[in-house]
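Here chain A shows up in two complexes: once beside chain B, once beside chain C.
Entry: the complex of A and B
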């Protein structure tokens, strides 16, 4: 099939817009990584003095280490709770003939669909009213509400693809409900739960808009970064930023690799 | 315990967590929006005072309207740039196509706060944008017009929310059966005719819902205005946020949040409706 000249021109034009988009989306990241390694000042960039110095300095920064710890604790606990809830909800909605199924789903998706500021301030006022002071626990609750939607969606999709006859066969053979879940349902759900957990952790690591309402004096990595950025531009920020970016890219790639074959099967 | 009450108990237990996490907090802040502040204390007296205050002070509803306009521009830029990009990627084949779309949505996973920060370093007086514009003689000297104002908020939001528009457009293009496109070209239609009469109408619902979701994201944002907007860069989200910080007026903040909630809800319903209009 031969393309006409106009079609070629259109292709080139669209290609240029796409290239421009890539430039705009990725330039910040590249620039940032460079400045975390190479010192620069008013006189220009000192290419010869590139070093990992700022990365080592981060390790000595106690507030940064504390923020990393909090972020990890919050995301692991929130994702674990949300995963268990998602499995229970999905099985209930899909197999037990739930009443108000649409309503349950709407409630689960609300924190994901609404602007995060709504989830953040509504939980803040709720905790304040019932007298719970802000800290790690309140952040965990906020993150659980947010990532539940992600996990629920993935688990439900997997559950729908799985034939219900498997469960019936297991029951016919005398297995208890718990045994059926342990030996029949769980092996089928596991890949979806792991993918969902990685995705949910990536969301949790990065969550800022809800966390800022619920953190109190506790800090997470995004909040710590935000604080550092208010003070000024330092190579130390760039170093932390580069690490954060690397971690998020790795998690995104893991998710992408895991989701791709699943999509292929569904088609 | 009979079977029905067991079922009911299970239902209550399962629904309890989402209700406590979502419904009660939302109901609580709706309620609080009718209360008021008196000498730094929250007073539980039901009135429409906060809402009347919002509608009677131009500073508040003016900010609300200008934020709506700003979010509309963010969505419009998203579609104007995102559609050609999604279309170009959709036209690629096999692995290249998959890799390109993956790279375009990868920035969604990157730290939100970091993206805003890097945009600030780029738009700043000594940033790369100014350096480039001066180097190409478009500007005589570095300009402050790209940072700490509404323009800075617009540019930053447009860049960081762009992948949110590209992805739904790409997915709606993917859903178009290839034989419709082939049929169109078999009947003698050129690329542009096919685009105009086949591809655009079929991908319109996905495009509209993508744009509306971006609108909601921009509407609730308060970190971007705070970081690149400077003292004058107020948006509705930032105004709400300030009620929970220095301004310390939770009931007013709650009332403003109810207005935001209603706006976002209407937008989401419109987006849901748009995506159901798809014809393939």
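Entry: the complex of A and C
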């Protein structure tokens, strides 16, 4: 179709806004990544001396390695617990006609919707009251509460899309409840649980505020980063930020790809 | 095997979905539960299958009460309206599911599954997934999946409603011949009168949660016992009538001489006359009605003739005539006399 001049102008204008938005959002990321590879000082940027030196230094930094370990342990355990809870809650709410259905949903979604500072603080006060000392375990509890909403939502959506006659058919053919879950329900939920787990990992991986309150002496990557920045701005920080970013982006892309075809047969 | 529903009813809160019914299902028959949507027919099936528990009454299999028997332990299997095939399993896995969960050895399972696929004519697709099958094929998989479990009764919940007309006719024929071949009792639920009459050995007509009539397709079709049944099949011509002391029946279209073999309980009656049982022309010993022709529509295998009787010209009678080309066209607005043999007239009680 032939376009008038005004329409061309509008196209150009919209294109500029889009480009500008991308520039503002992603330029700092690009700059940050560049400075993790290329050294710079008062004399300018030394393009020719690009190297992975700062990344190697990170690997030698024991406190950073420990932080990475803690982060991984915390997110894997928190996501695993949240996944199991999400499946149980979703089945209870959707099929068993949960008594406090509304309340359950509210409880599940609240930690995700509340300001993290409130969630963190209230958990801190709670643990303090009942005399649990802070550490990995308390961070895991905090993260589980946070990511449960993500997993619950995805599992519930999948469960609702699944015809209940499948469960009836399974029982009708002589399967026990456990067999029905194993052979019929779980294969149907699995894609949603995996997608939810990746998304939850991404959330848990760079969660900072709740963690600050619950960490005690333990350090996760975001906390380590925060600590490093107070000492001084070194390219090491650029490197660590780039790693965090890359991991987050990869998980976001996986989630985006998996959520899109979720309507059809993803298996 | 005899299944007996003894005063079984179902309420949801204050809503009575099924009034107490008693019904016997005998060995090897194809029994259809027929009724309009919301009449409670699927409820009967779900009660027998064990998906819901009856509010009152007992379900007896060979005299043994099944009320506390879990779905998975009842010797019945269901073909669901949406087929309920497991989408992540192949045809073979779907059909073998009932055996797999009972721990059947692999070798035996493979053999039984192959036999079942053979019976339903699907031996070519054991590796396909349900999404790759047509509606009719899914239907066959669902059937094969139930028969490998060797149930005493196969429960079919409107299994053909998702199929198009042509496929539906094929599947009706297939279902009936399959049932004859394996000799298992089929309990079939449908809202389609034509389908019910075509495939059943016996019919149960349900309306508003209660049984209207039980009988063979011919009994139900030609000798309806209630107004609902009389009006449910075909385009029956229904008249209100009054039984006289002499046994004849006064109707707005004239008096019908006394009918043999009628055992009516009320003096108010309903007269039902099938449109295809009329003939054109006066006949001796038949019920003759003088009419004016409203129109005559050619519908391929039938001619639909609409007439208004001289005695009650606001009424329209429908007559179906064979579309034999030698049948002459009747003039619109012309006079015609139609007749029906007395033994072809059904008279039933009208308690209201």
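Keep this in mind: the second predicted complex is superposed on the first by the 260 of 267 C-alpha atoms of A that agree within 3 Å, B and C clash if a C-alpha of one lies under 4 Å from a C-alpha of the other, contacts with A are read in each partner's own complex, and residues count from 1 in each chain.
Simple rule for what comes next: contacts are C-beta pairs under 8 Å (C-beta built on N, C-alpha and C of every residue); 3 or more make two chains touch, one makes a residue touch a chain.
The structure presented is a predicted model; accordingly, all values stated were derived computationally and were not measured.
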{"item": "Chain A as common anchor, with chain B and chain C clashing or fitting", "value": "fit"}
{"item": "First, second, both or neither for A:222, with chain B first and chain C second", "value": "first"}
{"item": "Contacts of A:183 with chain B and chain C, given as first, second, both or neither", "value": "second"}
{"item": "First, second, both or neither for A:131, with chain B first and chain C second", "value": "neither"}
{"item": "Which of chain B and chain C A:7 touches, first, second, both or neither", "value": "first"}
{"item": "Partner chain(s) touched by A:115 [first = chain B, second = chain C, both, neither]", "value": "first"}
{"item": "Contacts of A:25 with chain B and chain C, given as first, second, both or neither", "value": "first"}
{"item": "First, second, both or neither for A:170, with chain B first and chain C second", "value": "second"}
{"item": "More chain A residues in contact - chain B or chain C", "value": "B"}
{"item": "Included angle at chain A between vectors to chain C and chain B, based on C-alpha centres and rounded to the nearest 10 degrees", "value": "100"}
{"item": "Superposition-derived minimum Cα distance between chain C and chain B (Å)", "value": "13"}
{"item": "Set of chain A residues, in rising order, touched by both chain B and chain C", "value": "none"}
{"item": "For the chain B and chain A complex, residues of the former touching the latter", "value": "10-11, 14-15, 17-19, 21-26, 28-29, 32, 81, 84-85, 87-89, 91, 98, 100, 102-104, 106-115, 117-122, 128, 159, 162-163, 166, 190-192, 216-217, 219-223, 227, 237, 240-241, 244, 250, 253-254, 257, 260-261, 264-265, 268"}
{"item": "Residue numbers on chain C that touch chain A, as the complex places them", "value": "49, 51, 70-73, 76-78, 80-82, 84-88, 97-98, 100-102, 129, 131, 145-146, 149"}
{"item": "Chain C partner contacts - residues on chain A that touch it in the complex", "value": "163, 165-166, 168-176, 179, 183-184, 187-188, 265, 267"}
{"item": "Chain A to chain B touching residues, read off their complex", "value": "4, 6-7, 10-11, 14-15, 17-18, 21-22, 24-29, 31-32, 85, 88-89, 92, 96, 98-100, 104, 107-108, 110-111, 113-119, 121-126, 129, 141, 144-145, 148, 202, 205-206, 208-209, 212-213, 222, 225-226, 229, 233, 237, 241, 244-245, 248-249, 251-252, 255-256, 260"}
